[in-house]
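Order as written gives the chain letters A, B and C; numbering starts at 1 within each chain.
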């Protein structure tokens, strides 16, 4: 299982930037596989992000950061 | 690097207010098969303000039902089902829409228990979105909790935090009375509204109740009591932190429930501070702020060292245009000015 | 139908679409990437009418000076087709002092007494005031009519049925119109309504009822003419249900994940269809169509420029206009 958490593709327009709306976990916390960790948004479409694996989360793109779709927003160590 | 090499913080489960509400509803639906949800756009859409997200997928269309735009019919249906032993949760999309169905609410839902001499119970939750601040105009921005609290026979709860949103929802579902559950759009933690850091907070995973009728002192202080509710709790806490740097210590009371009102918590705080500011996003006159002033003066007018003050909507419909809307909403600027006046 | 009417219907539809596309552009322009409904030059809920232009064009082409309309939370197409000032409409949407309601009302609360136009954000609640306007027209002995418009979801509200009965009983000069765009926000009509056509409900009140399919502007024009003529001649109300299409979301911000008919809806865009029809019939050529689009766009941009250049209301005036 990948330990990368990437911004999901929510818009077919690759140029669209996304917003990391909410982190439900804090940097350095331990997370369980499948745990709700973030809510993200492109324009008016939002989506939940679950932890792909268990471990300690290191947040790369903080709340309210804008990033490209598929960008790395966290890793789980 | 492995987990054991780093010292991981213990997982603290946080939720936004909307997700906490939904979790409370889902846990009660798991526990009690008589609980069901109905209203406009509560199914596939998941509630316009995400108050029912995922419930249709989890519990199916026999327990989570979209209704026609027929509020009289479906709120009346909830009342009837409640009198037959079910526990409906019925959503009125915006509280502003109550006018089309008010008879079913205040003459039926709220009076049946009394009129039956206590023989009939109406255990339902009427949940509804309230509040402005995003230019939705005069018919989609009101709070109106004072209207519901004025009319006898309904409990009225108004949470401000994720944990209270869940606990009050569970308490409301389990209560044997009709409970009007009012959630401000600005406290829900919705990604498509202005970010509100206080809309995300730790929420216990298990089912629990926050008792209806119990206010919370969410900040201690000796100088001024700010009695408030809903989104205005967030604003009042921000102001209290700001004024603390100037040496003014506010005690902030989150009322959480309007009916029944926790008078003891208000009175003991006012007895300590001697100054009372009510911050209320509802209309100013004939409502909550006047009621709190009355409670203090009918108990002991000598409790107050300074004249009572209130920051509310000054009896004008909520304007659309932003500078007008923010002139009438209880903003942090207005709250801070009122506190300074009280201690000045 | 003569060419002049056909071109006018087309021109009205183009003007409406041009306006809605410009509002759509400006509404979203400053809401990226954090899509905050309360932010930007145009904040708040925005219900746009793309796809429903034939309803407005077909009805309003039959109205005369002094006739009125009550519309819904999705009102722009009807306001424009009825001749409400584009500048004052745009200025209201931008919350400016020069707007129809001086920025107090917003896009769901448009009032233009000069053209007897109003709308409401509450479902079906535009019907009852229409009765009173019709009552006043009768009392003043003016030959005017009022068209009360609502959506198919509203036909399940008490106000809808109460209004039909009272208007029929008192033979009021009202034409009731139901815009059936298939969706009450996320609820499809078959999940909300026990019968296939709301026009059948007219029979319950002893008035004529007709359902018009295919969002066809000329069919709408003809049926509206019959109903408006009937009301104007003192024979009382009629009910028209028009099957139209909602091309965009219920409101801007609606991701429409519940909707499986989006491709089909786009394929039923009434504007290219009517343009192709008129070109095929020889009433319009591509150059004329282009000229109409350019004129409309220029008029719309002038209105939006006026709006953006207009002052915002003064916060010190926030308590004005509560009482006369």
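By our rule, a residue touches a chain if its C-beta (ideal position, glycine included) is under 8 Å from a C-beta of that chain, and two chains touch if they have at least 3 such contacts.
A quick note: this is a predicted structure, and the numbers were derived from the prediction, not measured.
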Topology of the chain contact graph, where touching chains are joined (line, ring, star, complete, other): complete
Chain nearest the global centroid, as defined over all protein CA atoms shown: B
Most remote chain, CA-based centroid, reference being chain B: C
Centre distance in Å when chain A and chain B are each reduced to the mean of their C-alpha atoms: 30
Whole-Å gap separating chain B and chain C, where each centre is the average of the chain's CA atoms: 35
Mean-CA-position distance for chain C and chain A (Å): 41
Contacts with 2+ other chains: residues of chain B: 191-192, 195
Of all residues in chain C, the ones touching two or more other chains: 34-35, 253, 257
Where chain A touches two or more other chains, by residue: 19, 21, 41, 44, 46, 64
For the chain B and chain C complex, residues of the former touching the latter: 40-41, 43-45, 48, 66-73, 96-97, 99-100, 133-140, 191-195, 314-317, 319-324, 326-328
Complex interface listing, chain A residues touching chain B: 19, 21-22, 24-26, 28-32, 35-36, 39-41, 44, 46, 54-56, 63-64, 77
Chain C partner contacts - residues on chain A that touch it in the complex: 16-19, 21, 41-46, 64, 66
Residues of chain C touching chain A in the complex: 28, 32-35, 249, 252-255, 257
Partner chain A, residues of chain B touching it in the complex: 1-3, 6, 8-16, 19, 189, 191-192, 195, 200
